[in-house]
Structure formats: structure tokens, C-alpha cells
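Across the two complexes that follow, subunit A remains constant while its partner is subunit B and subsequently subunit C.
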Partner chain A sequence: MARYLLRRLNLFLATALLMLGILFYATSLFPVEHSYALSGVRVPSLQQQAQIIEDYQLEQGELAQFIAYVQQRLGGNLGLSLTSQQPVANELASVLPASFELAIVAGLIALVLGIPLGVLASQSQHKLTQHCIMAITLTGYSIPVFWLGLLLSLWFGVRLGWLPISGQINLLYEIRPVSGFMLIDTLLSDSQYRWSAFKDVLLHLLLPAITLAVLPFTVVVRITRSAMMNVMNQTFIRAAEARGLKTSKIIVRHALPNALIPVLKHLGLMLGPFASYAIIVEMIFAWPGVGSWLISGIYQRDYTVIQGGILAVSLLIIFLNILIEVLHTVSNPLSRKELYAAN
Partner chain B sequence: MRPIKIYQEDQIPSPTLRLWMLFSANPFALAGLWGVCTLLLLTLFGTYIAPFSPEAQDPRALLLPPSWDPAGTVEHFLGTDDLGRDIFSRLLHGARLTFGMSLSIVATALSMGFVIGSISGMMHGLKSSILGHLLDALLSIPSLLMAILVVAVMGPGLNNVFWAVGIALTPQFVRAIHQSVHEELQKEYVTAAKLDGANGLQIFWFVIMPNVWETVIIQTTLAISAAILDIAALGFLNLGAQAPSPEWGAMVSQGLDNLLTAPWTVTIPGVAILFSVLAINLVGDGLRSALTPIRT
Partner chain C sequence: MSVLIKRLCLTTAVACMGCILVACGPQRVPSGLVYCSEGNPESFNPQLVTSGTTIDATSHQIYSRLVDYDAASGQIVPALATRWHMSKDGLSYYFTLRHDVQFHQTSRFMPSRPMTADDVLFSFNRIIDTQHPYHKISRTGYPFFQSISFAEQISSIEKISDDRLVFHLNHKDASFLSNLATDFAVILSAEYAEQLLAAGHPADLDQYAIGTGPFKLVQYVKNEYIRYRKHPDYWGEMPKIDMLVFDITSKSTVRLAKLITGDCSVSALPKAGELSVVQQHPDIMLESQPGLNVAFWAFNTQKAPFNDVRVRRALAHAIDKKNILRAVYQDTAVEATGILPPASWAYEHNADLIAYDPQKAKALLNEAGIENLSIDIWAMPVARIYNPNALKTAELIQSDLANIGVRVNIISYDWSVFSQKLSESNYDSVLIGWTADNSDPDNFFTPLLSCSSAHTQNNRARWCHPGLDAVLTQARTVTSRLERRYLYQQAEAILADQLPMVSLAHAKRMVLKRKNVTETQLMPFGGIAFGGIGHENGEAR
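Take a look at the complex of A and B:
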């Protein structure tokens, strides 16, 4: 197992390094002066210029420049934002929690609703129910997320006026950021209005989270359904039935844990599209997260913000991907067997 | 009149015919296939049947609702936008941009991925692993971020969408083909062919490839639907097709200003995107379920 973990760690480092290499190469292609694209200092004084050249080794060869670039970026120096002239790392730290909050809530909605529905779909013998569930999930899978977001906000936000359609919280509430997660911060704050603020945050979260949850929800339903159908045909389920166990117990204790393994695997594959969708959803609902920050960065040609944002998001995705793969191996004895055979 | 059967023999359908029989037994998949065929025809000939040019502005017909609305006219079947441009004609012209372009992107990514994936899949050890994982770093950049990076370097425009989406799709093909070639290579029938004295190229093309095509086909349908959604999303974010272009996603974003007064300028292009992606996914789904019983 240690050897396997070491290999995964190795893969993580190699992929991350390659990723940094791509970013480094792209940075040299940006249509502005190289030192400006790297540091984001608009009019550097002589001293600053010397510092930048020193930091990024601009007078050395390509390799030394790349090593210096990696050192700077991993050391937390992401440069200054071109538009606000604030350190990009600070801006990133202030927008990341909002994105996490949205993604976690959307993922939870997808899993909590998707897995039971997938199990139900696999158990129903009724042709019509099956067709309905498949039709709904396929439509949900095909729907363009920006269009869905617009329709939902037009209908529930404007026509019916039930839910707020932009931002994270009503600006009347003054919440001191502690953890960055608005749901937690409102509960932690000592204002007398914290419950109403919490409710307000929840209402603001509802539409973006539902829009974002549609894609993972449909994928989870489909994968759970096909995995459950696979598992339920196996002999150990028949053995459990022969022992006279209740159907509900068979499903929850014997079938579901096995069916969840492929779901876990697909969650890893879905991270990339999920991140793309999250960016669009944040943009539509004016959610103050990484996505809308990056989009405004590209509109303003803020090259340091683009680099920092892409670096952070991709490293996160690489890390989560490998984490999910490791979890998959840990929870699945079959793939462990394969592993030892390969070694 | 059919010839009289003299011999009592059963026709054993070929694998392709069996696939088609299974596929056409599923009404949803057939409906999807009809949809895809319609889209293909519209992509090829849509510009000739469009009643107006995509940029023709009619100042007497601004924000006209679709024809089924009492205020609409048949002349502008799906209504007009805020500049008096006919939405139906724009959709027909846009089919070439959104759907046609997704096909060409996927074709390019597929051929690139096929070459890299099959070479790395046939090799062993470190070389194979380096080639196979080389593009994994690209896989971890979501397609939208890749597009942002490309736009930052080259500026917005429809050509850059081609590169951005293509770069994002290629690693998926590489990975899928690499994995399935590698898996097939471990199986016993390949060893049998090796013992018969087949060389590497023969093993690849005649022994392994017939079993890999399924993966390729499924991956292609997935990639086409992903490409359409990506092109449209980039058009919507103004990073892809630019303002007067009738690309469907760009049409949604152009209609955004009039969302409250003229919601059809947003809903109709959206329905077009939904319809085309749904048709592709129906076909892909039908193919997958038709291929599964053969595989097991």
C-alpha cells in the first residue's frame, strides 16, 4: 500500500509540475511585457524592476527561469493583480471559500437526492417509471447550464419573486468573515439578526446550488442505477435473499456499498466539467467566488489573476482526482488485488 | 417477391446488423438518430433554406414574438431580436457554427487522441506511462479554464474556441483509447495471435482494434455533446463567437438585454442547443446499451 501511495504522490507531483510548465509557457505568450505578466507591477521603480528580475531570474536561461517561477508560485507569491494592485494570493483566499460553499452544497444535493433516486430507478420494474427517470436524467445531462440558470432566475427570481437571484447575502446584514463560509459565519456572528441572516444566506444559496447540482445529480442517478442493476444480479445477493433477509436490508447493507464504488470513480471524472459549470453558475448568479473572479479577470485582461486562478483550480482538481482514486482503491478490494498483481 | 427458401438454414446476423437491430429496437435512440440526421442536413444546407441573411435587420419588426403568439407574424417564424434580425434564419446559420464546428473539433481531437493513445497503449513500461500521462495535466484543467488561457494568449474569437475545446478534448480520447488498448493487450486471444506469429502492427489493427472501436464510438458521442455545450458556453461568456455572430450561445448572450421584455430571444436558441445535445446523447445512450450485451 505504501508503494502505491508513493506512486500516486509521484503522479501528483509530476502532473502538477507539468501543469506549472504549461502555465509558464502560456505566460511567456501573453501579449504584454514578460516581467509585467509575471509580477503584475504596472510601473515598477528601478528597485522593483531589479527585484522582479532577481525573483524570476529573468536574465538566466529558460530552465532557471522556470525553477524560479515554480519557487515563486509555490511559495505563495502570485504577483499583484493588474487592476486592483492587491496581491493575487489574498484575493484568491477571499474568493475561494464562497466557491467551496457553493460546490459542497451542490454536491451534497446531488448525492443526497441522486443516490436514493438511482436505487429506486434500479428497483422499479415498471417500464414507464424507468423511461421517465431516464428521460429526465438525459435531459438534465444535456441542458446548457447558462440557459438553465437564466430560466430559473427568470422564473423563480423575477416572475414569482420567491428567491433572490444575485450575490451571497443581502447587503443589509453585516457579517464579519471568520471562516469565509457564509453559512458558518452567520451562525458564529453575535448579531441579534443572525438567524434571519442565516435564512437569507440559505435563500441566496438555493438557486445557484440547484442549478449547479443538475449535472452531478443526473450523472449520480445514472451511475447508481446501472451499478445497482449490476450488483443485484450477483450471487451474493441471491444468497442473502435465500437467507430470508428483508429487501431493504439487502439493498442498504449488501448492495449499496458495492454500487457506490463506481459512483465514486465517476465523481473523480466529473470534477473538470463540474468546475466549468461552477464558473458559469457563479457568473450568472453574481456569486463572489473564484469563477466570477476569473471571468472578470479575463474581461480585464488581468494576466496575474488568470494565472493564479487557473493554477489554484487545476492544482485542486489534480489533488482531488488523486485523492478520489486513492479512496477508490482503499474501498475496493478488487482493484487492490489488481494493484499487487501489477507490482 | 422473396426467393423461396430451399435450405433450412438460419441466417446468423453479422455483428453490425445485430448492433443495428438492438439499436433500432429502442425508440428513444431512433428518435435521437433522426434528430442528428436533421441537424446534419441543417448544418450542410441550412444556409440555403434560411429566408433571411443572419445580419439582415428589419427596423419595422423589432422584438417581434414568435408566430404562435397573437402579435407575431408567419414571416418571422420564430420572431425577431432587438435589431429586427430573424431568429429562425440566425438559428439556421448558427447550426453550422455550433454543431458543425463541434463535429470538426471532435474529428481533430479524435485523430490526435487516436494516434497518441494507440501508440502509448501498445507500448510497455515507462515510455507508455509517460506518453499516457503526458496529457493528464491538460485533463485536470477544466475546458473553460483552458479556453480562458487560450483567450488570454490569443484574444477572443471563434478560431480560438477551436483550439481551446480541442486541447481540452484530446486528453480524454488519449486516456480512453490508451486504457482500452492496454486492457485488451492483456487478454489471452492476443497472446494466441502472438503465438501465431502476428507482428505488432497486425496485432494492433486486426486483433485489438475491432474490440476498441466501441470505446472510440462511445467516447466520440460524449465528446460531441461536450463540445457543443462548451462552444455555446464560451459564446455565452463572450469569449468565443463575438457579437453579431449567430452562434447559438452568443445568441443567448445577445438576447440577455431583453430577457424580461422578449424572453424568446433567450429561450429559442437555448432550446436549439438543448435539442441538439439531447439528440446526440440519445444516440450515444442507445449505442452504449446496444453494445453492452455484445460485450458481455
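Take a look at the complex of A and C:
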């Protein structure tokens, strides 16, 4: 097992290094002075200029520059934002939690609703119910998220006026960021409007989270269904049935844990599209997260923000991908067995 | 099986009930007002900039001026100065200051004294004295003041006592008081400036602003919001709202959506095409007023081939203004025949000399010996009062010019980058405009087209014409309105002849607001002011 973990860690480092290499190369392609694209200092004093050259080893060879670049970036120095002249790391830290909040809630919606529905679809004897569920999920899977987001906001926001459709909170509530997660921060704040603010955050979160959840939700339903049908035909299920166990018990205790393993695997595969969907959803609902920050950085030709954003998002995806793979291996007796055999 | 389904149904039902309960509780919102603004301010000191976005966010919210301009009566009214008089020769202006005007108190600054003549001296000396420690702190200079040659105009400012001071002028100027009443001539705190200088962060003066206005700046988060609180010791009429938030929303449709869902109460710069939505929503209304503004297409007259008046004339003849008015403004604007809008007192209706005539345009281009012309048009990425959609305007011009065989390349960046790149002055032509800061007609000419403004960003045509300058100087020294009006018509005639820029339209000034917002007062010029706004707070939705 240790060897396996080490190999995964190795994979993480190698992929991350490769990505840093690409970023490093791309930085030299930006149509501005190299030191400016790296540090983001608009009008450096002589002292600052010397510091930048020292930091990024600009007078050394390519390899030394790359090593210095990796050191700086992984050391948390992402440079200054070209437009605001604030450290990119600080800006990143202020936008990351909003994205996490949205992604976690969307992921929860997808899992909490998707798994039971998948189970239901697999158990239903009705051809009609099955077809309906499959048709709905296929539709959900094929709807482009930008269209869905606009449609939902048009209907629930503009026509019906039920839900707010942009931003994270009504700005009249003054919430001091503690954890960065609005849902938590509103409850932690000592304002008398705490509960109203919490509700407001919840309402603001609803539409973006649902929009973002549609894709993973449909995938979860479909995978759960096929995995369940697979598992339910296995002999140990029949044995359980023969022993007279209740169907619900068989499903929850014996079938579902086995069926969830492929779901987990597919979640890992889905991270990439999920992240790009999140960026689009953030743009549609003016959600103040990494996505809209990155896009506005691109519009503003803010090279340090572009680098910082891409670095953060891709490192995160690589890390989560590998984490899910490890979880998959740990939870899957079959692959565990293979590992031991390999050892 | 059935048990499972039952349980599922139960869980779903409970979850739904929870959601409904959460959604339906009474929604309590702190007292305040959210304004959906269109962009990030570049600075928090209006002295340093001319962009309307920055003026909106700062001038009437954070600061006060010596004198104010009353839009209704057209008179200069007291603000921080209670009284003033001019010496007989017209070269000295004496001001008496209001007592007990308090500066904002924030976590960064604790004022030890009320406003005095020292603060006024600091605010203006910073602009006119190149040796002043704060003069060079501004990287953008002082564009408005440079464009009206403020530093050359004033010989000295003298403090008589704590509450009295005098401005000594080098020459008579009929627009001097009007210029002091503009949104740019704000009063800063000298004490705060000293503290910052001692602490070594002088640039903070323009970022973490301290003023004497109705609201104090609490927090600014780029791309997201600016938060203000009521200034409890405000010298004027106390604002009715405790908090003011500028929700920075660059997309016009999103601003409209936020207004509909109640996330903001007032929304800036609606696009003309969105006005029909207002009729569908009974709780939203449009407030509009003929504006003192002009949208124009300026040629870089220092660059070939635009230094040739025939080329400029040809391009002017080639565009169909009526079409632009229809498509971009949807008839919420009037066609411009000169620079001055109909709302100005110096305006006189002239027949448009530059009619739409592609044949003539072609002939003029041939005459100038220009073939295969390809030009860049820079189009603002943001909506402004004078032009709600510059990109669309550029596209219309593009298709018009294609008819006379001129290729057009449209260039646009995000606003901060756009204005930065524009200041490098190597553009061919730019679609931009001007919103007056006061009702004096000089405000349309001197900041935009005089020789002294040719070095500042305001003069987008980079235009310098001695004849025009002479007329403008003369118009400033005489005080009779009739005479001045005649002179400004002369100036218009020179511009119509030389065409450094093509005026397109004078737009109406519009904001959308929810019905529960009362007593907004939209002025035909200058930035938006929230000091007097009322808001019947209650249910947010």
C-alpha cells in the first residue's frame, strides 16, 4: 500500500511539474516584458527590479530560471495583479472559498439526489418509469450549461421573481469574512441580521448550485443505475434474497456499497468538465469566485492573475483526481487485492 | 421496495418543507441602498481622473466642494464656503468657510480638528504646485485641471485666517467659480495627508479616501462592491440611509436583472433596448433627463491620414448618424450637429452641415489621393451616459465605411486597460464622449479641444488650433451671456469646418430605480449623488 501511495504522489508531482513547465513557457510568450509578466510590478524601483531579477534568476540560464520560478510560485509568491497591484495570492485566497462553496453544494445536491434516483431507476420494474428517468437524465446531460443557467435565471429570477440570480448575498448585509464560506460566515457574524443574511445567502446559492449540479447529477444517476443493475444480478445478492432479507436492506447494505465504487471513479473523471462548467456558471450568475476572477483577468490582460488562476485551478484538479483515485483503490476490495498481489 | 420509496418520499418532502420554511420567513434587511454601478473606479480621488465611473463613486459621496452648482436654478450655491465675493478687477476671489465641518473618522484616520483653510490650500496646491510633495503622487496627473490650465490661471492661494482665504488669478475668468463647483474640485484633508506622508504611504490618500461628504468609504473590493456608511457629523442635510453600497456590475443585462430581483434599488446606465422591460415590471421606473453630454468619434489629428481635413470630412460624410441613433440609442437621444447639446444655454440650432452622403465622401477621398484606407476604431468597452453601446456604434460605422471602400478594424479592451492604452496616443480614431461637469459651455470646449488639453487624455482628437483657442480665451474673459453665446457659436463654426471629431448624439441621462426609492435627483451633468436619496425600506423582496 505504501508503495502504491508513493507512486500516486510521484504521479502528482510529475504532472504538477509538467504543468508548471508549460506555464513557465507560456509566461515567456506574453507580449510584455518578461520580468513584468512574472512579478506584475508596474513601475519597479531599481531596488525592486534587482529583487525581481534575483527572485526569478533572470540573468541565469533557462533551467535556473525555471527552478526559481517553481520555487517562487510554490512558495506562494504569485506576483502582483497588474490591474489592482495587490498580491495575486491574496486575491486568490479571497475568491477560492466562494468557488468551493458553490462546488461543494452543487456536488452535494448531485450526490444526495442522484444516488437515490439511480437506485430507484434500477429497481423500477416499470419500463415507463425507467425510460422517463433515463430520458430526463440524458436531456440534463446534453443541455449546455450556459443555456440552462440563463433559462433558469430568466424563469425563476426575472419572470417569477422568486430567487435572486446574481451575486452571493444582498450587499446590504455586512459580513466579515472568517472562513470565506458565506453560509458559515453569516452564522458566525454577530450582526442582528444574522438569520436573514443566512437565508439570503441560501437563496442566492440555489440557482447557481442547481445549474452546476445538473451535469454531475445526471452522470451519477446513470452510473448508479447501471452499476446497481450489475450488482443486483450477482450471486451474493440472490443468496441474500434466498435468506429472506428485506429488499431495502439488501440494497442499502449489500448492493449500494458495491455500486458506488464505479460512481466514485466517474466522479474523478468528471472533475475537469465540472471545473470548466463551474467557471461558466460563475460568469452567468456573477458569482465572485475563481472563475469570474480568472475571466475578468483574461479580459484585462492581467498576466499574473491568469497564471495564478490557471496554476491554482489545475493544481487543484490534479490533486483531487489523484485523491479520488486513491480513495477508489482504498474502497475497492478488487483493486486492493490486485495491489497485494502485485506486492 | 415500497418501504424504500416511502422513506425517499418522506425525506424529499422534509427537505422541501425546510427549503420553503427558510424561504418564507420575514426577510429583514439593514437600512441602506444598493446602487448597481457599471465599473471599477480608477481611484478614490476625483482630482486625478475624468472618468464618470470614478466621479459617480467618489465626488458627491465622499467629498464636498467649496461651492456647488444648483441644477434647478442654474446658480452657484454655498457648500463648504458660505460666502464669497470677487474683487473689483475680477482677479481675486475671497471665500469664507463654513464652521464645524468634520472630516470622516475611520480606522485609519482620527481627525483632530474640523476643516480649515489649510485643507483648502492643500487640496488646490497639490494640483498647481509642481514642487508640492503630493503633486507627483498622482501617476495620471490632474487631467481636468490641466485641460483648463488651472495652474496657469491661479497665481497664488492665500490663507487669511482659519476660515477665510483668497484665490489670486492671473487673468479674468468667467468660468472660475463654475470650475470650483465641478465634481473634480473636492476638498481633501491636509492633516490626513501629513500623517500618510510621515508614515510613508502617501499614495493611500487617493485610495483610502477621507473627505467631508455625506458618506464615508468603508471598503472597496475590486470587481465586487464599494461600501459606504453615513457620515454622522455631515455638515449638510443628513443622509436618510445608513449604508450605501455600489454593486459593481459591468454587464447591463445583469444590472437590470439585479434590479428586478431586488438585489439593487437603483441601476446605472440602462441600454436603450432594455427600456421596454421597465413597462413589464410595475415596481421599476425609469428616471430620465436631457443630459449635458455629447458622444463623438474623434480622429487622431496628429497622425496621417487624419491630419488631412478632407479625409476627416470624407469619413464624416460617410456615416449615417440617423441609423446610429435608431439602432444604438433607440431614439433616446437627439442627433448632434455640434458639440454643445440643446440643454446648454449657449446652444443654437444649426442645420447639420455634414449630411450623410457616401458619394461625396468617395469624391473627397479621391481628392485627397487616398486609396485602400484601413483604419482602427477604438470603441469603449463600457456603457457611458453619452453612448450606451460603443461597440455597436463602431460596427455600424464599420459597415457605413465599407460602402466607401474603407476597411475598419474595431479595437476594444477592458476599461482600465483601454484607457491606459489610449493614453499612449497611437490610435487612429476613438469612439468616446464627454459629460459636462457644470453647465458652463466652456466645459465642452476647453477641456476637450484646446491646445492646453492636447497633452492630456481629454483631448482625444489631439487637436490644437490657435484660432479656436483665441475664441475660447475671449469667451472666458467676457461675462455677458449674449456675447459669450455668440463666441461659442463661432467656436462651433470653426469645429464644423475643421472636423477634429464627428459629434454623434446627445443622450438622455437615465437611471432605473425601484418604486420604493424616493427623492432621487438626477442632474443633467456631473456624477450621481445619493446624499438626499430616500428609501422606504422593508421587505427586500
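Basically, the second predicted complex is superposed on the first by the 339 of 343 C-alpha atoms of A that agree within 3 Å, B and C clash if a C-alpha of one lies under 4 Å from a C-alpha of the other, contacts with A are read in each partner's own complex, and residues count from 1 in each chain.
Criterion: a contact is a pair of C-beta atoms (placed from the backbone, for glycine too) under 8 Å apart; a residue touches a chain by one contact, two chains touch by 3 or more.
None of the values given here were measured: they were computed from a predicted structure.
After superposition onto subunit A, the modelled positions of subunit B and subunit C are compatible, with room for both.
In the superposition on chain A, A:W147 makes contact with subunit B only, not with subunit C.
By the touch criterion defined above, A:I184 reaches neither subunit B nor subunit C. By the document's definition of touching, both partners, subunit B and subunit C, reach A:R301. Once the two complexes are overlaid on the shared chain, A:A68 sits clear of subunit B and of subunit C alike. Of the two partner chains, subunit C is the only one that A:P164 touches; subunit B does not reach it.
In the superposition on chain A, A:Y173 contacts subunit C only, with no contact to subunit B. Contacts of A:S196 after superposition: subunit C is touched, whereas subunit B is not reached. By the touch criterion stated above, A:S248 is placed in contact with subunit C alone, subunit B being left untouched.
Legend: residue contacts after superposition of the two complexes on their common chain; A:L58 is shown touching neither subunit B nor subunit C. In the composite built from the two structures, the nearest CA pair linking subunit B and subunit C is 6 Å apart. In the superposition on chain A, the residues of subunit A contacting both subunit B and subunit C are 158, 299, 301.
Taken in their complex, subunit A has these residues touching subunit B: 11, 14-16, 18-19, 22-23, 26, 29-31, 131, 134-135, 138-139, 141-147, 150-151, 154, 158, 271-273, 275-276, 279-280, 283, 294-295, 298-299, 301, 303, 306, 309-310, 313-314, 317-318, 321.
Note for the complex: subunit C touches subunit A at residues 1, 3-5, 7-8, 22-23, 25, 27-30, 32-34, 139, 221-225, 227, 243, 245, 247, 249, 251, 254, 257-258, 260-263, 413-414, 416-417, 540-541. Within the complex, the subunit A residues that touch subunit C are 43, 83-84, 86, 94, 116, 119-120, 123, 153, 157-158, 161, 163-167, 170-174, 191, 193, 195-196, 199-200, 202-203, 246-248, 251, 286, 288, 292-293, 296, 299-301. Taken together, the subunit B residues at the contact with subunit A in this complex read 28, 133-134, 136-145, 148-149, 151-153, 155, 225-226, 229-230, 232-233, 236-239, 249, 252, 256, 259-260, 263, 266-267, 270, 273-274, 277-278, 280-282, 285.
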